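One structure is given here, and the rest of the page talks about it.
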Amino acid sequence: MDFTTHLKLQRALMCRYLMYGDISAKAAHMLGQPAVLDFFAKLIQRVSPKSYQQALAEVQVSQKFLENFCGDQVRFLARSFAVPGNHLGQRSNGYRWPYGPVAIITPFNFPLEIPLLQLMGALYMGNKPVLKVDSKVSIVMEQMIRLLHDCGLPAEDMDFINSDGAVMNKLLLEANPKMTLFTGSSRVAEKLAADLKGRVKLEDAGFDWKILGPDVQEVDYVAWVCDQDAYACSGQKCSAQSVLFMHKNWSSSGLLEKMKKLSERRKLEDLTIGPVLTVTTEAMIEHMNNLLKIRGSKVLFGGEPLANHSIPKIYGAMKPTAVFVPLEEILKSGNFELVTKEIFGPFQVVTEYSEDQLELVLEACERMNAHLTAAVVSNDPLFLQDVLGRSVNGTTYAGIRARTTGAPQNHWFGPAGDPRGAGIGTPEAIKLVWSCHREVIYDVGPVPESWALPSAT
Amino acid sequence: MDFTTHLKLQRALMCRYLMYGDISAKAAHMLGQPAVLDFFAKLIQRVSPKSYQQALAEVQVSQKFLENFCGDQVRFLARSFAVPGNHLGQRSNGYRWPYGPVAIITPFNFPLEIPLLQLMGALYMGNKPVLKVDSKVSIVMEQMIRLLHDCGLPAEDMDFINSDGAVMNKLLLEANPKMTLFTGSSRVAEKLAADLKGRVKLEDAGFDWKILGPDVQEVDYVAWVCDQDAYACSGQKCSAQSVLFMHKNWSSSGLLEKMKKLSERRKLEDLTIGPVLTVTTEAMIEHMNNLLKIRGSKVLFGGEPLANHSIPKIYGAMKPTAVFVPLEEILKSGNFELVTKEIFGPFQVVTEYSEDQLELVLEACERMNAHLTAAVVSNDPLFLQDVLGRSVNGTTYAGIRARTTGAPQNHWFGPAGDPRGAGIGTPEAIKLVWSCHREVIYDVGPVPESWALPSAT
Amino acid sequence: MDFTTHLKLQRALMCRYLMYGDISAKAAHMLGQPAVLDFFAKLIQRVSPKSYQQALAEVQVSQKFLENFCGDQVRFLARSFAVPGNHLGQRSNGYRWPYGPVAIITPFNFPLEIPLLQLMGALYMGNKPVLKVDSKVSIVMEQMIRLLHDCGLPAEDMDFINSDGAVMNKLLLEANPKMTLFTGSSRVAEKLAADLKGRVKLEDAGFDWKILGPDVQEVDYVAWVCDQDAYACSGQKCSAQSVLFMHKNWSSSGLLEKMKKLSERRKLEDLTIGPVLTVTTEAMIEHMNNLLKIRGSKVLFGGEPLANHSIPKIYGAMKPTAVFVPLEEILKSGNFELVTKEIFGPFQVVTEYSEDQLELVLEACERMNAHLTAAVVSNDPLFLQDVLGRSVNGTTYAGIRARTTGAPQNHWFGPAGDPRGAGIGTPEAIKLVWSCHREVIYDVGPVPESWALPSAT
Amino acid sequence: MDFTTHLKLQRALMCRYLMYGDISAKAAHMLGQPAVLDFFAKLIQRVSPKSYQQALAEVQVSQKFLENFCGDQVRFLARSFAVPGNHLGQRSNGYRWPYGPVAIITPFNFPLEIPLLQLMGALYMGNKPVLKVDSKVSIVMEQMIRLLHDCGLPAEDMDFINSDGAVMNKLLLEANPKMTLFTGSSRVAEKLAADLKGRVKLEDAGFDWKILGPDVQEVDYVAWVCDQDAYACSGQKCSAQSVLFMHKNWSSSGLLEKMKKLSERRKLEDLTIGPVLTVTTEAMIEHMNNLLKIRGSKVLFGGEPLANHSIPKIYGAMKPTAVFVPLEEILKSGNFELVTKEIFGPFQVVTEYSEDQLELVLEACERMNAHLTAAVVSNDPLFLQDVLGRSVNGTTYAGIRARTTGAPQNHWFGPAGDPRGAGIGTPEAIKLVWSCHREVIYDVGPVPESWALPSAT
């Protein structure tokens, strides 16, 4: 390649920031059309078991994300800084630099939002991504990529691969991308981390907790949020509420009864409850029965398979279920692993604590492995600062309206406490996941006239 | 632990930011005393073979680093941001959050600067570090920790371990720190990355290049910088100049002759040349002989063992050496791995390129593995932007005064292009290496009076 | 007003960030439609004498600006920061806070871009603006506001006033807005600053200079940029090139001849030259004649009234004109005020300097009053750093492609060196002009149990 | 001046950032010596009537401020940013640029902290300041400047003038500094703003309010904070508590009795109460009597001149005084100006409000002119967000430990709601007060080979 050719290439590269601002503006507008919103919502429903509202929300978040990077906002992501050096003509510049060739691997439960946001993030920062979406749902992203092409995305800017995990693993080992973003199960995440020697960013499972504080208020609202957090998408969100720590002040509030009633509104027809793709009914029942062996445990509601359905046996089909386990039992070393095992379905554990048991609750939260989301439902500032200061979950909601789910485009979503942790959605997430720091120190002189050869050192 | 006790603990925690500002101010002042500077410079010289000036510079950089985090500057590292949410009472906050228990492993060549800066960074951000310094040189840091204790560092805030690598590896696997910072050889770095499943930040070897551009100027100055970059500390800096790409315009400038002369000033008495701790003389000679088998190669200067010394055989003792290899030969696949093998000693490869060979130079730079430092010696803005835009080295100097070495406290130093890459020294490096993003979304309400129970979704 | 009512109001306020993201997205899309772009470009041409291309560029910049603040980008403008306090429960938060009621006064030459960008900036940051555009051209903004209303702008969010300056002055003195943004002539700016006791941000006239450095290159390109900088919009930009300092190396390059030829391409038919709204032909001729009295002065080209036109006598009609004045003469105190008097029309002064006269050039630049834009046409890094380091113009272009005009939405445009100086367009400009710093220090406790009443101090 | 000379000058300029880091480190260490702390505390007491603890706190804040800008922290203040441009070779850079010659005028009540922090801020950002401190107290700063000279401050970097206000006013009008920072009375501030056409930053008087919310707790603590806020330094802080709005829930808490008792501990011997420099005893008595004419008003405590003292008649000497005025009466237009007149002495107004009167309280706060500090004493998050969202005071404390006074170096202190408002102390305050935005757009090319002369526009 001669000098002229590569200059032209480079020039093209430079304008990419503006090109991606344009692509985002066009795609945001197109995706915002009612017919297109509806098309994608229904396409998501075809492959991923969730209600129309949940599917639509996924498309809307994706659309808002694209709006955020219209115009100059992609080049603003490439903002660098400079600091004066030690002498005239010297200054140091800190850049966020692309990795180059990168890979993205995303799961079945959010067929549009997760791959689209990560893909665009990778492209915005100047990388060349290869994308693999879980093949059960990859048709959604396949359609989205066509839309992006129509909005100006150059065909050669990214690769889209359809394969099973084994083939993808082989590809990664051979192609050796500089960075691989993986969203999915902990098991695969840990394997990839070892295979790729840590050149990964991970957003894996979460056993997400919610703590209800001592100040009981807005019981109807809190019950509704609990129902949505635990059972929307049939619990198949990595941010789903897995365990609820309830201050005993809530016992007489009727909260559990309200939660039960709300869970019973869910029905297969509108997919407010539906198939579970990675855990069978038998596995869920068995897990429940194991829990019920713990002293003091009981089923609060649900606990039975769904009836009258044609869901294949390889999937799960279970009523929204809550099992109560006493706090002291949870903490016992024999029980702890069992109770905090993530069930990627409509299943939660509920427990209760008294004033002097907050320490135990915090200990339980600390012993859990996956620090993804959490909620502290309280408006007591001292209680909030105490629980927040002693926990490490990446996305933590606090206040009487706190939830565990909700991964909009306007705030960071991702785990904390792990250097491999990935974020999604915000400018910070894009910059931290899809670029690295590079420092360029300009030192153009002049060499002082008084400069004389120093001694060797 | 009861509520009161942990509140007290937490309170103590909060004041830590101020305490570390105080510790830094005191330690900076103490380390800035001439007698203390001198003590540490000489202590470094006892265990690490470098000149007094080089050892002194290491102490001075450490002292300036401490000055940078006096007063409120530690708490300013914990600066967070907040963005309005979707409704009244909601806002999202982005924090840099500590990992908790972490480990630091540092090498022999900078016995004070590397461990001190990383240790303080870990502490500033709220972590609990265990530190292991190469045992040959750990006496320096042992003395520094005593100084820190005297300045107020609580004894329980960090652990200092003296062991060999195998014991440390075992400790890491058992203690399972949330993050491990490793500075040292690529071999160990890759093993650690796999063992710890990627929960690492690495600053490993660098095969660092320097390109002299077409605009020949300040030849004396450039020759001096080359001599220092390649041979200071007997080449035992991870930022040492390993290969020099010289535009043919420099051929007639006398640069190589000047470099030869400068290299010959170096002598064992003042340690401007000295023992090589990790490569024997034989290994260096053998490597040189392998290079000389390449067509067109030749020794430019050096190439012989040091004479009249008592350096033990397990160490290396070699004159400052430069070997010329033709550019086309470097790129041949048989030769490339050989030529770009890092020799952690006073050894560099020199080559030349013509106007139309810049592509080959850039190809060579891209094929190298360790993208640590680089230098582009030119004041031609178009040449600079071309080379900088197509390279990825983490710390890259550009301009007629460019160098490859120099890791002061005022700019980022570290590799780029790898998500595991660590930085050292600056506020950015501290924040990126020693903390992770955490998002706390406050959502305190009020719940709107008009709120009514929505349908399930 | 009862508590419930104002809570509702406040809630509405909070959602405004999202509402303005939506308004911007809709308005950007609408304004981006070819028919709408064309409509506004032609509407601008009806009232402001500029070519179709120049008018179109103004609409396009406005459109891109709106794209920049789609989605969440308005709320991201309200990003605040927080720093830990002195004890548990204390932290300080830095906000950008709105002023409340504010005023915006904008001139005739950019009837869309200036008022629209400032208006939206004021609204984004939460202010309630009253807008007055020069009445000769206010129809453009009147149409734009209708478009904004159609995109969701609440009618009560802003006021639009049509009046002469005297009435507006009275209104300001009575309504006493917290802040007034004024773009226009220096004379009015200074009066307003005194009347409003400094509660203003100003973007007034600029006597903008361009320096051609010693490295002659790209002569055709530089000549074209000079022609556009001096004569586009018939010189009626506050960023227009008013004086050209040419290193003598350029004398033999043919630059001046090329500039002459380019100026002669301009014609009334397509408004590449046209009426001057605030300076009569006579005034320009008189100014020129005064300049020609200076020893060594001469007309380089132009210097005559336009022919064959129907431009009313109250406006100016002049060929693109350049007058040469020797550098030493410019600096004489009798001449300096004359030479650096801004003529808001197609008129520039040209001069030449030798190697040892750079000091005189910089002295001249420093003595000028209005530090708006500047250009340093050179790729010599030492020359650039020298001139940039010793000048204070707010928007300064540097490099061989440097220009004085060009006020896109992607970089700050505004004067420097004056605390009253306003900026336009970028997130920084919006935040600095339309908000002030507010610090809220939360200090929620707990009060330490060990707290005991201290002595009075 | 020849080229070489000015290059040398510029070089010197560049190193100033490091020099000021060194000066700050040395001065911080020197000022931190017990003997020096004590010297300055007692020197302050000689000229400004405050207790030893209050004087000492002033020195300590000054010392901490200097610690904050050791090492590289001054150059970090000069951090700029860069954003990619529209084509290869173009990028825009945003700098904080010095004004050049500036002036600083500071009052009697903080003879060290205010002038020192503003002076260093001005110097850090590269300005050349002239400083005038109220001549009654300028000996303190005169001693401090000597200390700074000893720490390396070049004598020519700043000017120190001792004069009365009239002479200083003349100097400002003639020297025409680019920016003048004024801290002092509103009357002088407004005159200066007009005289200097708004080229000012102001920190003038504050009629500062405190609101006690509905949640009564920590009564002893709150009473103590009220006593300190209202009466420390005999009320001669611009942040002193001028009016207290007490929710009626506090009526039965004993708060007012506790405040009375605390006020009675103050005594002349240790200057916990002392001379008032700008308001005579008669003026305070007269003001009190005017307040007592309002229906329902009464003296809560104090209300009498100090006895047994030798304070000259031109100063005031008054016991700590609180006058109760009913809320409805305060709001009456005849009374409002009287009640909210700032008395720069130990004098406060107290009132009470019921649940449904919060609107009236907020209306009163909004009608006040000087929005300097405020306190909202409550831990109720909804109450806090309501009051904070509807007020504009620059430095606002919120939470059960909230105060109105306290201007440490770690958070912004200054008024809000006025474009002329100045801040003091933090990096943000220094940057906003002592520098302006400058944008430099590099555009070095290459000019594309395909470039062809466009048509004129």
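All chains are identified by letter, namely A, B, C and D, in their written order; residue positions are counted from 1 within each chain.
Simple rule for what comes next: contacts are C-beta pairs under 8 Å (C-beta built on N, C-alpha and C of every residue); 3 or more make two chains touch, one makes a residue touch a chain.
What you are looking at is a predicted structure, and each value in this text was computed from that prediction instead of being measured.
Counting hops only between chains that touch, chain A reaches chain C in a minimum of 1. Rotation angle relating chain C to chain D: 180°, from a CA superposition, given to the nearest 5. A straight line joining the Cα centres of chain A and chain B is 33 Å long. One inter-chain figure worth recording: chain A and chain D are separated by 45 Å, centre to centre, where each centre is the mean of the chain's CA atoms. For chain A, the set of residues touching two or more other chains reads 7, 10, 13, 72, 75-76, 83, 86, 88-89, 379, 381-382, 399, 410, 444-446. Residue ranges of chain A in contact with chain D, taken from their complex: 4, 7, 10-11, 13-15, 17-18, 72, 75-76, 78-84, 86-88, 93, 379-382, 399, 446, 448-449.
Within the complex formed with chain D, the residues of chain B that make contact are 21, 25, 28-29, 32, 64-68, 70-73, 75-76, 88-89, 381-382, 385, 409-410, 427, 444-446. If you check the complex, the residues on chain D that touch chain C are 1-3, 6-7, 10, 13, 51, 53-54, 57, 83, 85-86, 89-90, 92, 94, 97, 99-100, 178-179, 190, 193-194, 196-201, 218, 220-221, 224, 227-228, 231-232, 262, 265-266, 272, 356, 358-359, 379, 386, 388-390, 392-403, 408, 410-414, 416-421, 423, 426, 428-429, 432, 436-445, 447, 451, 453-457.
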